[in-house]
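Dropping a structure here in structure tokens format, bear with me for questions.
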Amino acid sequence: MKRRSTFLMIVLGFGFAFFYIPILSMIVYSFNASRLATVWGGFSTKWYVSLLSNDKVIDALFLSLKIAVISATVATILGTMAGIALARFTKFRGRVLFSGLVTAPLIMPEVITGISSLIFFILMADWVGWPGARGFSTITLAHITFSMVFVTTIVQARMIQSDRAIEEAAMDLGSRPWQVMFDITLPVISPAIMSGWLLAFTISLDDVVITSFTTGPGSTTLPLLIWSKVKLGVTPDINALATLMVLTVGAGVVAAGIIMTRAERRRLADERMAFRNND
Amino acid sequence: MEEPFLRIEGVSKSFGVFQAVKDVSLTVGKGEIFALLGGSGCGKTTLLRMLAGFEEPTAGKIFLDGRDMSGVPPWERPVHMMFQSYAIFPHMTVEANVGYGLKHEKAMSKADRAARVAEMLDLVQLTPFAKRKPHQISGGQRQRVALARALARQPKLLLLDEPLAALDKKLREHTQFELMSIQERTGVTFIVVTHDQEEAMTLADRIAVMDKGEVKQIGSPTEIYEFPNSRFVAGFIGSVNSFEATVIGRERPHLRLSVPGLGGEVLARDVPAAVEGQKVTLAVRPEKILLGKERSASANSFQGHVKDLAYFGKDSLYRVALPDALVQAHAVNARRGDEGARVADWNDDVWLSFEPASAIVLVG
Amino acid sequence: MSTEGFSRWFDRKGWVGLVIGLPYVWLVVLFLLPFLIVLAMSVATNTPTAPPFSFGGEHPWINLGAYERIATDGLYVRAFLTSIFNAFVSAMLCLLIGYPMALGLTRVSKSWRNILLMLVILPFWTSFLLRVYAWMGLMGKNSWFNGLLTDAWNFLVPIDWAVKSIPMMNSNFAVVLVMVYTYLPFMILPLYASLERLDPNLDEAAMDLGSRPAQVFRDVTLPQSLPGIIAGGMLVFIPAAGELVIPTLVGNASQPMIGRLISDEFSQARDWPMAAAIAVALLVLMVVPTMIYSHYQAKAEGSK
């Protein structure tokens, strides 16, 4: 089993160093007292102080969170519907186009999605007078559109895996299809729906390209703010911001990992118990 | 004539060009355990799904208790099903699973429902596991949850799709008898789909043997085993020696056949359909063949020598070479001892014989 | 079994219409329609109006000028070649680094494996922009990393070749390096998934029949992981070819990639038909790798 492991383990070690050295370096330099972001000038937390007292950053963060929560929620509802439709309704008119429409945004370069959304919004404003001004609403619409297909992919995969018989069983026991949907189907796929929401939320929170095309004056999300600063070069307050974001996300992922490991361990224990009282 | 409890009348089902069920007609009486037996793809599951209402027949009708079931959706049928995978709702407790169907009984009070769930759990001996989640119970317990859930609403008809297939061999035998006793106590009509002939023979009052979407034979387990009506049924249920034969003449109550494979003539049980000179198949079950060192008094006796033998402990299987056939014979090892236990050994010359009543003539 | 039944029953209450219709209409209006507009835009004529295009009221209604320029103008041809080259090299490097890493992941103990997998996925959840930014810090002239590399270089080469710092930023090298960094998980995860499924008995059977470990790898492991390799390669190639953020931040402005070109034509040159035509050309370029990807993806999943 452990063949060639020395070589593989060395590559693995270098690989993880490659993954994490840039991030660690960024974290270390966020505590750099020097204004020159890449030259070490002693330890300081002043960049954190200036960051947290910067209203622009705080406003951008809240705008990003607002857009991410709303777009992830709408995208989850629409994406779940599309996933259920594709997994369960095998025959309907326009199914081929529909399944194309839920895959295309996954591989469409963001530049193209961004530009086509922008052109669409500009022309719509010209033709029907809506949207009057670009900003929060146009960003949210664009985010919903390209993140819903990720939800669809996750939900569809989960639906295909799940045992169709449990839905039939519920119907057999007297439930109408819509009741089956709420009693059985949705509860059973709820973990997939939750990961879909989380993914949509993260995608929205992280997006630069599409947001930069669909935004308007006064609507600066956090990635847009970082983007405009980073284009000019490395600055110490971005290091501090990056550190805060990486640590927040890292803590979240580690916590989720621990919870999942615990749940897995409990499930295994349950299964052993079930095996013991097997009659 | 009194209307039967369940009547399936000329039912066919096609999926595109594939005909899954071809013109099936049969009746099932109230309180019966009826088995649909056949290999995979024989149409038995499709027939079951049409009874449950998941599929509409392409042609034909199903009457349950005199009511035409055409177009009645599954949730309105007084028919419940125990799924092959059990289809236990994974997010509900055992108790909630069993009580799920009862929430549609609008006339029932909450207390009545709880009482009914308790009664059902008691019936399948799962009361201590009421609060458990499905992943916390064993496969055998899950099977009983599925049974209790399907019985809770007191269906007129219970459909069981391969009820024992997911259980291991030891549990299967025990569960078979439990199913029969529960059926007796509740009086619900059972229709069991199975590919396992032993399961069908033990459980069912009557069996319908299916092949390629058609019903080949309907009858009690004894009828199906002792009087198969076709080569398919004879071969599907148990093992059988079959030989090409020609009808020579009728000697009531027997038929005289010429069987070149055995190198002689055979007296067999008469079948009305056979006519003189007709090519038929002669079928003899291995356990009906007697093996001896001496020629017996039986009408059908043939000499051969033992080519192969397999010792199973309580019995042995012999493969005996005759002039133009290899015949399988089962013999019980009644005597004790290491050498004497066997009737014969490799290459021994032996005599095979069977009663005319055990010789089945299959026409077509 | 048949699934027509399910939708048949739903139809009674119009539920099918709602469940399919809502996301369908949404995608048609906000995804398909904008794309069709871009498609039409690519054959329009650039005008100094607002918005800066017109579908000629006179001849020619269809203006293929933009496509003509893409095929003949060196700037656009070079941009396409640069994009394909960078994306291809990135995919190759990801494979070279990712394959042993994925194989290594299948060889560590189960508890370690979960932790390491989490560490592979973790960067996914952190900001893409900040991961690019982290490398800007490392590659800069005064950074400790650049200093380290410079020292190593000066130690190895003759004294005349010595440099004060290595010019890494604003080059194709920087673009490829950062693309490898950000897209490596896309390679490792499908590879790991396809390698993990392999039956270890096959390795043992091959060794039992006299193969040395290197031969086992060549004859057994590698051929079976081919769908994973191709799926992972396409998963890196496709987004890399259309990348905008990385070339803008660390790339060489005089050697733009397609993504940057589209954005520049649109926002700076205000030549919308040209931007649209490049976008359409980029999509055409992506059709082939996408089809290869979905073919091998289906294969990789089919072999479960």
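Each chain carries a letter (A, B and C) given by its place in the written order, and its residues are counted from 1.
Just so it is clear, contacts are C-beta pairs under 8 Å (C-beta built on N, C-alpha and C of every residue); 3 or more make two chains touch, one makes a residue touch a chain.
It should be emphasised that the depicted structure is a prediction, and the values quoted were computed from it without experimental measurement.
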{"item": "Chain whose average C-alpha position is farthest from chain C's own", "value": "B"}
{"item": "Innermost chain, taking as reference the mean of every protein Cα atom displayed", "value": "A"}
{"item": "Distance from chain B to chain A - Cα centre to Cα centre, in angstrom", "value": "54"}
{"item": "Chain A and chain C: spacing of chain centres that average the CA atoms, whole Å", "value": "18"}
{"item": "Overlap residues in chain A, where contacts from two or more other chains coincide", "value": "171, 176"}
{"item": "Multi-partner residues of chain B (at least 2 other chains)", "value": "54, 73"}
{"item": "Multi-partner residues of chain C (at least 2 other chains)", "value": "1, 9"}
{"item": "Partner chain A, residues of chain C touching it in the complex", "value": "1, 3-4, 6-7, 9-10, 13, 15-16, 18-20, 22-24, 26-28, 30-35, 37-38, 41, 51, 97-98, 100-101, 103-105, 107-108, 114, 116, 118-123, 125-138, 140-145, 181, 184, 200, 213, 217, 238-239, 241-245, 248-249, 259, 262-263, 266, 272, 275-276, 279, 282-283, 286, 290"}
{"item": "Chain B - residues contacting chain A, complex", "value": "52-54, 73-77, 79-81, 83-85, 87-91, 100-101, 104, 133, 135-141, 149-150, 153, 171"}
{"item": "Parts of chain A lying in touch with chain B, wherever the complex brings them together", "value": "163, 165-166, 168-176, 183-184, 187-188, 267, 270-271, 273-275, 277-279"}
{"item": "Interfacial residue positions of chain A with respect to chain C in the complex", "value": "1-5, 7-9, 11-12, 15-16, 18-23, 25-26, 29, 36-40, 78-79, 81-82, 84-85, 88-92, 94, 98, 101-102, 104-105, 107-113, 115-117, 119-120, 122-123, 126, 141-142, 144-146, 148-149, 152, 164, 167, 171, 176-178, 181, 202, 206, 208-209, 223, 226-227, 230-231, 233-234, 238-239, 242, 245-246, 249-250, 252-254, 257, 261"}
